[in-house]
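Working notes, beginning with the structure itself.
Chain naming follows the written order as A, B and C, and within any one chain the residues start at number 1.
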Amino acid sequence: MTTGERSDTERKRRSPRFVRLECTARLHKLMTRYYAYARYMPRLGKKIAWITSGGPVEPLYAAGIIPVYPENHGAMCGASRMGPKLGEQAEALGYSRDLCSYARCDIACAVHGGGPIGGLPRPDLLVCCNNICGTVTKWYEVLARHFNVPMVLIDTPYLHDGQLPDHTSRYVRAQFDDLIEAIENVTRRRFSERRLQRAMGLSLECVQAWQRVLGYCEHRPAPITCFDAFAHMAPIVTLRGTRWAVRYYRHLEAEIAQRVERGFGAVPEERHRLLWDNIPIWYDIRNLFKHLAARSACLVADTYTNAWVMDRFDQRRSLDSLAEAYASIYLNIGTPQRFRQVAELARRFSVDGVVMHSNRSCKPYSFGQLDIQRMIRDELGLPCLMIEADMTDSRSYSREQVRARLDAFLETLEAAA
Amino acid sequence: MNRSDATLTLGVDLGSTAIKAVLLADGMTVKACRVALTGHNARQSAEQLVAALLDEAGVTPDQVARTVATGYGRLYYDPADREVSEITCHARGTRLVMPQARTIVDIGGQDSKVISLADTGRVLDFAMNDKCAAGTGRFLEVMSRALDVPIEQFGRLAEASTKDVAISTTCTVFAESEVVGLVARGEALPDIVAAIHRSIAARIAALVRRVGPAAPVVSTGGVAQNPAAIAALATELDQPVEVAPDPQFTGAIGAALVAAADHAEPRP
Amino acid sequence: MSSGPTSDRPSALETLRSAARAPAEYARSWKQRTGRPVLGTFCSYVPEEAVIAAGALPFRILDVPGEFGAADPRLQAYACCLARGALALGSSGGLAFLDGVIFSNTCDTMQCLSDIWSANVCGGSPGDVETFMMPIHVGHAAARDYLLAEIERLVASLGARVGTSVEPAALGRAVADCRTARVALARLLEVQQGPSPVLTPPQYYDTTMARCVLPPDEYTSSTTVVLDDPQPLDRVGPRIVIAGGPMYAPVLPDLLAELGACWVADDLCTGHRAAAPGPAPGDDPVAAIADGLLSRPQCPAKHRTGHDPGRAVVERARQAAADGVILYRLKFCDPHAFDYPRIKEALDAAGLPSLLIEVETPAGSVGQLRTRLQAFLEMLADAGVSEVCT
């Protein structure tokens, strides 16, 4: 293993291969099965609910309702490079280009039926929890009018100091009752507490497996990169609460453990370990990996995949515990708390630098980054790069500029090493 | 020669790049028209232009019954009896030369606008882009400089394109660097120019979709004189796009028409 | 607390105008006169009664610059001009006369701004910033209990901040005074949307904006003078309703006046929505505040099952016999932008012409704004003509 300076020409020749996890094939089968299930089961009377990524899905799985995630679909639109076209369709409908690109893609698909899988199956119920942002409330209002179906809103007031006051807790909890009532109306069956506890148990197992998966990146070299994590997060987002997801992550975990045993690093000759902040740039993931890997840089951790760690469930307290957990997620707490989480990740994963994606489409995630960036530099002594883009709409992306900034950033790291 | 019993009205369109003036007889016949660069003193340029126009037509200022000004600089043209928005004027002007028009797409040097008309010619709705260079003549100018190719050659070059190349960003500034990148990558010039046309067409089409488009779609303004840009727009809208004759003058013609209408029915 | 006599219409209008056009000056001079604190707010849902009962003047931060350089190191460019302008002003010391700022969870940007403000404007201590977490789910039964507790929390916190404890009697008086002020504004708006409007567009602006600046009793006395001496306008051009918000520069009303139109009604948080008097207060002032907030005309940043933003604007326009509706929003304002397509659809279906005005800053691009307004008003004028003269 050689170390030391590498010439530019050598770096250009290198261009490492992106070694897919073998589980990737299994992942595709799982997600295909999930979306097919969602498409065809309604013919047999199953109900569909569209739900926000931070929404309480356990009651839905408990009641046998199939949850579908427009945000996950948005990510698929981005990865399939359909963001610009769908964005234009949404703009033709009157939706400003400055609105969240997930929402624009989703609304365009709902109205015109496009997108990478021909659109999502019609919802019978909309479940919106604004713990991630206020955009979802407006987005789901549009969907509720378009599909003419009930919308349940769970309003989780922002926790500036990270603490959950009693009156907030009671208010959130009361709205969970509405969710249960809506579920009972849609399924015409009494809601089962027992099944909820089971779903919560499976959710917890899944979250714990996911945390272990991500935790393997504490090793040097990291066996996977964030880009793998971004791909393999689909089950924790969409199938959290089912056995499918638990089984899947067991397989993934096994394969990653093997990589660690073999000393396999996702980036050959890993020299720079980086932390990523914000939602990925879905349409440029592969190229960004290659660009960084060619310069021996590996994204070993990120705040986005680490947000799926709702592990404060207490099954015995079921709905009460759910309400508390969902009211306290990463994006619902103030900037100082977010910085502390970043600092913790930087420490755990032995990170040399941080890359922050200033994402036009996600204000709650992006506003405050400039302060966090300053804190990372001043208090952690780590270099921190900001790149501007949009998660789904490549019209707001200047690939050359981003490459140039990354190169300059990596040169700084190289010089410091 | 001037028929002394014809009612003459004058329309002056003070654009940010060019000033256009039209002398109209009896509210329907264009007697004379003239264009000049705005320069840095719009008022002076306009006055000189009008003087030259009247001179050419053999008309003295007091023979002009009424004058209406429109365009960006309309507030500064003192001799006007009234100033009217370019939306109204473009609608009236296009109507005169192409009465069948239902959607007008005016693509100027620094702004673009779309007007939707009722069967009667009344303005139903309009949309303007005057904040962003993309979708205006300025976009083509920037690209022309980046490629070091005169705009007049763009149309011919685009026709020779054989391969679809993409310009992904919508921002003019970023698109410029993308184009430079395409050249460096060795993409053929005709393909790049075709991509530029598709890009401007996409922006204009987005504006058009805000108010229509109801057929027939008619384009006016400076960029309408670029057949490749219009063809790209037609492809993007999946609809035929006609070009108004003398597309630069529709605003001034409309202003002169408004002047004629005012003269016929004085406003309170 | 009252200022000089506003016993005649011109001076009453002048009082309203100078408060509306130079709010910071008013607040500073009030502070100097009374020796009492001024607390900044961004949202009309922050209970002004609580601030007043604590002996302070609520100051709605709306007069912010259109130049954001000082904000750029802290807040990205895809935030609205109100957030960026306020942050720029705060960061450069322009709001040093404030004794604190109360942030509400109006939208994602405001929510994030409160933390950025703590870190950058108040020297990094979260305690310098008050928060008021209005429930979004205003139609939900549990929202009321939550809101009662949140209002009580705010009252206690404000009391601690100014160094006194807020007595229920003081809160009761503030509730009564604010309600009187709202009733006065509501009555004036009622006249304005009727057959004989009395305010020119700039006066409409001044009257509604002054409500965000003047203490309630001063506001009530000035507005009452105008109400008692109506003086209908001689010429009423096209009747225009302005919906959306927030509009914090008089550019648009000034242009409407210049172009001969009449602003007859609004659906703005700086106007009609905040003027809703609410139910008559009983013995419990906290309940009165809560019920007032929950019963307001719907703001796009709040949620109520079954609410149709399109129908709301159409009704407003019909009540005011509008000829046209201006839909006004700041660039990057998500709640208003999401409602827009539905509102436009409803207005089109109702045969009401509308114009979308989206501004990067309220006082910017006056020429472009003028062109659009002029074209719109010409369009409305032509609507009566069946054949265009060619």
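Basically, a residue touches a chain if its C-beta (ideal position, glycine included) is under 8 Å from a C-beta of that chain, and two chains touch if they have at least 3 such contacts.
Being a predicted model, the structure only gives us computed values, none of them experimental.
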What is the identifier of the chain with the smallest separation between its Cα mean and the overall Cα mean?
C
Higher number of C-beta pairs in contact (A-B or A-C) found for A-C
Inter-chain centre distance, chain B versus chain C - centres from mean C-alpha coordinates, in Å
39
Taking each chain's centre as its mean C-alpha position, how far apart are chain A and chain B in Å?
47
Whole-Å separation of chain centres (CA-atom averages), chain A against chain C
37
If you look at chain A, which of its residues touch at least two other chains?
94
Of all residues in chain C, those that touch chain A in their complex
73-76, 78-79, 105, 107-109, 111-116, 119-120, 126, 131, 133, 135-137, 140-143, 145-146, 149-150, 153, 300-301, 303, 305, 308, 331-332, 334-335, 337-342, 344, 358
Give the list of chain C residues in touch with chain B in this complex.
353, 360, 365, 367-368, 371-372, 374-375, 378-379, 382-383, 385-390
Residues of chain B defined as touching chain C within the complex:
27-28, 72, 84-88, 91-92, 95-96, 99, 120-126, 128, 130-131, 257, 260-261, 264-265
List of chain A residues in touch with chain B within their complex:
84, 88, 91-92, 94, 394-401
If we count contacts the way the header does, which residues on chain A are in touch with chain C in the complex?
93-96, 98-100, 103, 130, 133-135, 137-139, 141-142, 145, 151, 153, 155, 157-158, 160-161, 165-168, 170-171, 174-175, 178, 334-336, 358, 360, 363-364, 366-371, 388
